[in-house]
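Please see the structure below; I have some questions.
We just call them A, B, C and D in the order they show up, numbering each chain from 1.
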Amino acid sequence: MPNPWDGVVSDEEQRAYKAAGFGRTAGLGKRPALIIIDVQYRTAGTKPMPYFEAIKEFPTSCGETAWEAIAQIQNLLTLFREKKWPILYPFISPKQSFDYGRIADKIPALMTVASKGYEFVAEIAPQEKDILLPKKHPSAFFATPLTSYLIDLGVDTLVITGCSISGCVRCSTVDAFAYNFRVMVPHDACYDRSSTSHAVNLFDMASKYADVVSTGEAITALRALS
Amino acid sequence: MPNPWDGVVSDEEQRAYKAAGFGRTAGLGKRPALIIIDVQYRTAGTKPMPYFEAIKEFPTSCGETAWEAIAQIQNLLTLFREKKWPILYPFISPKQSFDYGRIADKIPALMTVASKGYEFVAEIAPQEKDILLPKKHPSAFFATPLTSYLIDLGVDTLVITGCSISGCVRCSTVDAFAYNFRVMVPHDACYDRSSTSHAVNLFDMASKYADVVSTGEAITALRALS
Amino acid sequence: MPNPWDGVVSDEEQRAYKAAGFGRTAGLGKRPALIIIDVQYRTAGTKPMPYFEAIKEFPTSCGETAWEAIAQIQNLLTLFREKKWPILYPFISPKQSFDYGRIADKIPALMTVASKGYEFVAEIAPQEKDILLPKKHPSAFFATPLTSYLIDLGVDTLVITGCSISGCVRCSTVDAFAYNFRVMVPHDACYDRSSTSHAVNLFDMASKYADVVSTGEAITALRALS
Amino acid sequence: MPNPWDGVVSDEEQRAYKAAGFGRTAGLGKRPALIIIDVQYRTAGTKPMPYFEAIKEFPTSCGETAWEAIAQIQNLLTLFREKKWPILYPFISPKQSFDYGRIADKIPALMTVASKGYEFVAEIAPQEKDILLPKKHPSAFFATPLTSYLIDLGVDTLVITGCSISGCVRCSTVDAFAYNFRVMVPHDACYDRSSTSHAVNLFDMASKYADVVSTGEAITALRALS
């Protein structure tokens, strides 16, 4: 099966990584949790729209590609709810009067997103007992109690989905790797605003931090856990 | 001046980011520190060699490109020593008998690097009073006292250099951004084993987390600080 | 001036610490912030009441002693508002359906505090631009973005007040010390449910982590900053 | 069985805590690890000596009481080695030329401890495969990869021993509690330089963060795990 980065990362570069020993498979543990990052209307829009139209609604919107990923996240949600495995929702919390800092410098448009943008997309909305993790910074681990919940739940494996691949998904994956969780990233259950950056970030994660697979492959592997 | 990602990230994708408001300049603060990440023989080789030859010495080597960056880091070091600004060296510490975890799963070749590989490259080696930060994980902030040193020193701005752009430089930059440090990444003072991933990671950092400039531009901006 | 731990920690023990070199003064930096921890009705009660009456309203209440400290915090607030120095409010966030873990094991009564208990005590309530930091765990630093705000504000000194001395004030002070902030603890602007533990925790902080003074002394020292 | 804080924390204060619901038992999980904090010659001396004599050798020494605790730690080590459960040694790393900060302000004597002081006490010295965690700050979790090792090992329960009760043991226990590990503190396998502070810190930990028991009780409970 082709990788989502084929054609973007050249064959020679892929060979250079393989020759140095990168990109082995980490595999699943025994106790998985589903992490759904930032799947709020601010990243998906209130309905599927082409990118340049979507950013008129919310500048942080990724357009139609978000909704394709949301359909895949729904498949993962069905499995995790059936298995009663933990589901966690790290999400960007609304800006407050005292919020500023480097985000406001680099991407001022992020500071004035309308409140509707902070709502969870209804199709994947959390249910009672799912764990909500408001965050102020990109990584789901940074300045949130995510690690404490995962330790309490005895989780050893994270299935990371959502948005954006080159932003919060990427750095949450790196932090999860550093904490020694096993990480699976179902690439079509993640989305971004940029196809090149999307592909290369998946390549980086697959090379060093996570097992990057399709949602179908992820579901097959997860179902095989006792 | 062209950006290092021009031609890799398409004009249309760059336009998509600009339209959404990404990529503004954060600027420098008043008190900079130089961060030199993982410039050890294991990432540069003991001398400049083509990539496929270099990885025979150390599988983690990046080849000749490392030495071009090292020359630029030397220019930054000269400035920081002249100004008596802080210089910090996060570096990969040698693996011990009890080290395993996800790194061993994803990149087993990392576990058996010869001890020479952990030495600092002599051309940029630390001096008395420079701060050494052994680390076990990619980010210079993760599980190290880097933040404590920076707070004690009153640092507000980090100039991040070293290796690899798509690995430790990238995630250290994201963490620095999350801590609200201002971050400047002189792109030619950083190196990696992959030109595409190199370019796209610089694009990601410039879009969201850091000011990405040439070393020459960095030195001009830093000299302008009182 | 007598120390609040005199008579609780024996003269011989105090001599033992002094002989080993503990308890020097760290002093103030240049840029202080006021930290008001957990001053919510759940720790103070809705009005001053004797302890055993107060815990009928909220099991976490400390009784009358809370209100004596609140009067001192008001004095500090007046100074910090006059100087336009930062004011931050770490506070216990209401328990949610997915909260459990070790807190529920050790102190189950904490899990069912009425919602009024989570409101800030009106006498010290935050104003526009003050920084609010909901937390799930004792330390104001643990799993919150407190450090990021302090770095953005250029703060080098924390004046830590509130509740409880042997709980959240103590461990926030230790974390602040570990991050290399200078810490001043005005002992009469802090409160607890236990006089012995109160005194000994102040002794521990004064010996190792912070300068412990009266609120009057703190205000004099802070006013002397340019 | 009497508690080590009886007579120091008054009956009335103990009643006040009980009435509010503090001090329940958290219990053990299924996968314990032994944490031995700072049992180096700098805290124990090279042999048992009375306190005021011991601090002439190392100002941080706790004197004879250390050696009584070391005998108990040996009993725990025997059990953990027999069961092949993980053993971790957080320890103070020698000061380097670039170390200063608040520790140097509050306790300057800590900065000049002779190198022998940093060696592990031979009676409890680590063996091959035990995990070593050099640290610069009080908590075993602060700026160290302790959490990453514990997650990789699937640990859910920490048995915390060593020195000092009112310092590193206390704040490591609070952090372990915040991460949702179950914590058992065998009080006679811990030591400190102060009997009052020793007793009150055990009371605080038992009230809020950990199960405080004798080493004998700990061994019985741990042996009962399958």
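Keep this in mind: contacts are C-beta pairs under 8 Å (C-beta built on N, C-alpha and C of every residue); 3 or more make two chains touch, one makes a residue touch a chain.
Remember, it's a predicted structure, so these values are computed and weren't measured experimentally.
The chains in contact with subunit A and with subunit B alike are C, D. Ranking A-D and B-D by contacting C-beta pairs places B-D first. Subunit C and subunit D have Cα centroids lying 25 Å from one another. Centre-to-centre separation between subunit A and subunit D, using Cα means, comes to 38 Å.
Mean C-alpha positions place subunit B and subunit D at a centre distance of 37 Å.
In subunit C, 101-102, 137, 142-143, 147-149, 152, 178, 180-181 are the positions where the chain touches two or more neighbouring chains simultaneously. For subunit D in complex with subunit A, the touching residues are 147-152, 154, 156, 178-181. Interface of subunit B with subunit D (complex): residues 96-98, 100-102, 128-132, 136-137, 142-149, 152.
Against subunit C, the residues of subunit D that register as touching in their complex are 8-10, 13, 16-17, 19-27, 51-52, 55, 59-61, 101-103, 105-110, 137-139, 142-143, 166-167, 170-171, 174-175, 177-178, 180-183, 193-197, 200-201, 203-204, 207-210.
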